[in-house]
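For reference, the structures are reproduced in the following blocks.
What follows is a pair of complexes built around subunit A, which joins subunit B in one and subunit C in the other.
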Partner chain A sequence: MSVDVVAQYVMNGAMLGMMYALVAVGFTLFFGVLDIIQFSHGDVVTVGAFAGLAAWTLLTASGVTSAGVLLLAVTGAAAAVTALLGVGVARFIVLPVKSAPQLNVLLVTLMGGTVLRECLRLFYPGGSQPKLFPALLPTSGWTFGRFFLRFDNVILLVSGALLIAGTHLLITRTRLGLAIRAVAQDEETARTMGIDFRRVVLVTFALGSALAAFAGVMDGLYYNEVFFGMGLLLGVIGFAAAILGGLGNMYGAIVGGFLFAALQTVGAVALPFASAYKDVFAFAVVIVLMAIRPTGLIGERASERV
Partner chain B sequence: MRSRGAAVALTAAVTAFVWGLLRAESQSAIAALLALAVAAGFVLLKTRWLDPLAGAALANERFAQGLAVASVAALALVLRDDDFALLLVTRVLIVIVACLGLNVQFGYAGVVNFAGASFFGVGGYTAAVLARATGLPHVLILLAGGVTAALTGTVLLLPILRTRGHYAALITIAFALLFRTFLEVNDALGGPQGLKLGEMRIGPIRFNDPVGIGPFEGSFYLKYVAVALILLALAFALVLRLERSWIGLALDAVRIDEIAAASFGLDVARWKIAAFTIGNFVIGVAGALSAFMIGFIAPNNYTFAESLIFVSVLLLGGIGNPWGLSLAAAIVILVPEKLQVIQEYRFLMFATLVVLVLLFRPVGLLPRPLRRLVERSP
Partner chain C sequence: MRLAAAASIALLSFSAAAKDTVRIAFVGPLTGGNSAIGLGGRNSADLAVRLRNGDAKAKYQYDLVVLDDECKPDAGVQVATKAGSDRGVVGGVTHYCSVVAMATVDTYHRFGLPVIVWGAVLPDITYANDFKEIHRVNGTMINQNQTNAKFMAEHGFKKVAVIHDTTDYGKGHNKYFTQFFQKEGGQILSTFGVTADQQDFTAELTQIKAQNPEALYFGGLTPIGVRIRAQMDKLGLKTQFDGTSGIVNDDFIKALGPLAEGALAFREGAPAEKLPGGKQFLADYQKQGYSNPPEAYGPFAYAAAVLLMDAIEKTGPDRKKIIAELKNVKDRDSIVGKITFDDHGQNTVPAITRYVVQDGKWVTWEDSEYAAGKRKLPTGK
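Take a look at the complex of A and B:
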């Protein structure tokens, strides 16, 4: 295999890894503050992508053609809608069942995700079919030998990395981050120190969901297609990545995301039946890895969540 | 004795209602019937008029079960030449069987399984492949469907035993998505187009010929109703006996507190394996019968959304209560089929309903009664 083909695979893997990492960071944040798994997170990703698509459709219909404005509107709309959605999910679905058995939390968020998915399928115009997502970024690029490095991929990767770095700074360097970490470490003590628990939870859900929106828009821009069921794959793999990295551990989630992408890319190259079975392979990897390392590669660290 | 009379009257009323619902053609009539049922159900739930009857039913279980079988049989005979209505009745019976299997896993042992439709599909595909390729008697093929589903489940045993709660749920979700994708890309199993099955035969009985015994004539679906009813009776007996026995006690202990169960000397892994395997077997047999009845199977019948419908049946009915899930299965299957306005919206509707039930009435429609370890004095 020549260098340029390898480079192409590495690029694909990096894009996938960034999307998985963005989703996994959300899972790990929610687990940190509430010790619950938000199973509808994958569908929040889809809602983000569709919100971006809706913003694009509305703006182009009203005559806006500037790519920069469109791009800002698409990401802004996606982030705003999912942040609100995340707050709604936390306020009306997750917090009321917080003290119920774990199984109920799982079921309520899973069914909540189904509600989101079905709403998109039924009520978004033409939502039951895959929808074309506009290419908003420049598709030109640099040529290295036979490897073509596209600008849009580079932009997406860099902005994804910046977002994760920004989230990291927010959590480690700000008062809000301190509050989130305090709640993650010990809810009751945090409350007695005067931290508004509900507000911290809601803000965390808004933050994690907005990251998911970016993953959704990134998926749309990269594949030029969005589909109401796309969140299932992203959600399952993102959750598996978060577990693999140790739930509650942000670095772990990122590592887990890229690890899954690497496995998937290597699998696509190494296995003879390649592309047709690519999703089957991805899910099989999830099952096998969970069997081998059920508590993750890095391990949950009870003392330092988030 | 008075309560027996009341039970017969109530069963007759419910049977008549289902008959009316199945025969109703106009959408407004169906909507009116459903509104009536909702109102009646609400009143009964609030006034608790049925509680003494439910207590009596629990005390005289044989009688209650006999009444239920008689009511389905009567319903089938009254509807004898209405193909579609009989198809629906059979579907409800088969879904109840599958959910009974899921109930052993979910309700008793607490082993989550979000791949119910996948194991149902394993049974169906096994039936299709065996019926096409071999000359095995079809009763054996039904059993083979269950055995294959149970064997397929063993693949997931290791990861499920090593994980708990959320993590185990993730594994079964991944399996459900994997199974559906696998069926779609696999050419040997017919790909997205699926497979056709031939006619089902048991001994001299050919299932696609209409029924004609002397002057009595009826649709060929009557035979499927009969087989499904027999299967349901067997599954019901199995599940109830399982629950009553020390096995049921062990499963309950494992579900409620794994550590406590282990410290009382229960082998947690063994009981989880037992529950998961028995459940998948029952689901697989139901899937095989369903494949024969429909005569055609495709990946679209076995999606993750369908698995969630099975789980919804369990939760709406009251997890762990076979009677509750039977009622919920009837609602979940019949309502969208008859009220076509909501057919397209059924996944959305039932998911929303489950969210609401979990938020406001987590025990479901008919909660599982407390285990009675000693006979009540009369």
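Take a look at the complex of A and C:
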């Protein structure tokens, strides 16, 4: 296999990995502060993509043509809607059942996700069919042999990385981050230190969901297509990536996301049988890795939560 | 007006009294997601019966028994049993949905009821068993892929990569296309089976790009067809996109926008106005004032009903004799073209229409600017 083809695979895998990592970071944040799995997170991704699409549709209908303005509006609308949605999920679904058994949280968020998904399908105009997502980034690129490096892919990759880095700085360097980490470490002690537990939880959900919105918009811009069920597998993969890396650890989520994308690419390229089995392969490897490292690749002991 | 109606009723009852009444069944999806096509088929079969009843030379008066299979196998078997166990029903024009047609063949065989399928395309309906009761006027994915393979070879696409979904539908398409394309001297560079809900195809497409094919054949339905076509563009893979009947719909074009341009696809049947007797059929249909259009498969339901009544006219209302008579159908003229049944009761010369996307519409190949030479299909070079 020549260098140009390998470069293309790496680029494909990196795009996937970035999306998975963005979703996985959300899972990890929620687990960090509340010790819960937010199973509708994948559908929050979808809502983000559709909110962006709706903003684009409304603005183009009212005559806005500047790609820059549209891009800002799409990203802004997606982030705002999902942040609100995240707060809603935390406030009305997760917090009320917080003291109930873990299974209940799992169940209500799972059902909440189904409600979101079905609502998009039923109430978004033409929502049951795949929708065209506009290409707002420059589609030109550079050709190196059989490697076609597109400008929009580079932009998406870089902004995804900046976003994760920004989230990391927010958590490690700001007062808000300190509060989030405090709650993650010990809720009771954090409360007695005067930290508004409820506020921290809501802010964390807004933050994690906004990251998911970016994953959704990125998905839309990359594939130029969104549909109501896209969050389902994305959610499962994001969750698997978070667990694989070590749930509650941000680096772990990133490593897990890219590792899963690499496994899928290897599964499709290197295995002798049909590429339909690439997810089977990737998830099977995850199962094996989980058996070897039950606490994830970067276990909780190696670093603090979140 | 009322007088005329009364007169025609009197006339009908008079002719009914003069002739024996023969009952034939129509089965199709009349409720649910596929009901538009089902109602179009029912109206078309009804039209055939009305025209025959208006014909003074006909030996019998026909009565159409309409049954709803809901496009569900369980409901289909129920109504098939109803038709089969009613000895007064001597034949049927049956099913649009492949799963239902497949589920009911045993029932018709058990009751010895001759039926003619008017819309379902799965090859196994006629070919999986040796049931002499089952016939079909429309083509199967075999015919579709034969036409497709021939078209590709004739237009200079010799090296093709294949992506298909791993359902029976996608696997069938892959099997028959590969078989016919190789017979035409073409070369399949690689074959990828993918799941029907896969999102990312960049790994498969990168491999395909490295092989430099002249066309990419896709056997599957619209959602992943859209994704594959869009991601081809992302990877700079400029090769001809060749699809199946599964992508011939407006959603494919809506979801892709300008990228859909030049995509090819093939489908059983033809727009009614393109069929040999289509103009007359549409005019007659219009006259009856049905509230739904005949849709793509209406002409086939019409042709099937005509074929069945022709057989009854010849042999009388006897199931066994009708089956024997249908065996002899060869080069029979119909509004969907010549009909010839092979040993399995399958029409071997069905109409297949070739489509290409031009300016955001599926256009029949013959009418396209591509065929006229004004536009060129990409060749992958």
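Everything that follows uses one rule, which is that the second predicted complex is superposed on the first by the 279 of 306 C-alpha atoms of A that agree within 3 Å, B and C clash if a C-alpha of one lies under 4 Å from a C-alpha of the other, contacts with A are read in each partner's own complex, and residues count from 1 in each chain.
Rule of thumb we're sticking to: a residue touches a chain if its C-beta (ideal position, glycine included) is under 8 Å from a C-beta of that chain, and two chains touch if they have at least 3 such contacts.
All values reported here derive from a predicted model rather than from experimental measurement.
Enquirer: Check whether A:G88 is in contact with subunit B, with subunit C, with both or with neither, and answer first, second, both or neither.
Expert: In the superposition, A:G88 touches no partner, neither subunit B nor subunit C.
Enquirer: Pick one for A:G76: touches subunit B only (first), subunit C only (second), both, or neither.
Expert: It touches nothing on subunit B or subunit C.
Enquirer: Would you check which partner chain A:G177 touches, where first means subunit B only, second means subunit C only, and both and neither mean what they say?
Expert: neither
Enquirer: Considering only the touch criterion stated at the top, classify A:D279 as touching first (subunit B), second (subunit C), both, or neither.
Expert: In the superposition, A:D279 touches subunit B and subunit C alike.
Enquirer: Just to be sure I read the superposition right, which of the two partners does A:P96 touch: subunit B = first, subunit C = second, or both, or neither?
Expert: In the superposed model, A:P96 contacts subunit B only, not subunit C.
Enquirer: After lining up the shared chain so the two structures overlap, which partner does A:L110 touch, if you call subunit B first and subunit C second: first, second, both or neither?
Expert: first
Enquirer: Which parts of subunit A are touched by subunit B and by subunit C alike?
Expert: In the superposed arrangement, which is not itself an observed complex, subunit A uses residues 233, 276, 279 for both subunit B and subunit C.
Enquirer: In the complex of these two chains, what residues of subunit C are touching subunit A?
Expert: The touching residues are 166, 192-195, 197-200, 202-204, 206-207, 209-210, 222-223, 226-227, 230-231, 234-236, 251, 254-257.
Enquirer: Residues of subunit A touching subunit B in their complex?
Expert: 37, 39, 93, 96-97, 100, 102-104, 106-108, 110-112, 114-115, 118-119, 122, 232-233, 236, 239-240, 243, 276-277, 279-280, 283-284, 286-288, 290-291, 294
Enquirer: Over in the complex, which subunit B residues touch subunit A? Could you list them?
Expert: Answer in residue numbers: 110, 112, 114, 156, 158-159, 162-163, 165-167, 169-171, 173-175, 177-178, 181-182, 185, 304-305, 308, 311-312, 315, 344-345, 347-348, 351-352, 354-355, 358-359, 362.
Enquirer: Once bound in the complex, which stretches of subunit A touch subunit C?
Expert: 2, 5, 8-9, 12-13, 15-16, 126, 129-132, 141, 143, 146, 148, 150, 153, 222-225, 227, 229-230, 233-234, 264-265, 268-269, 274-276, 278-279
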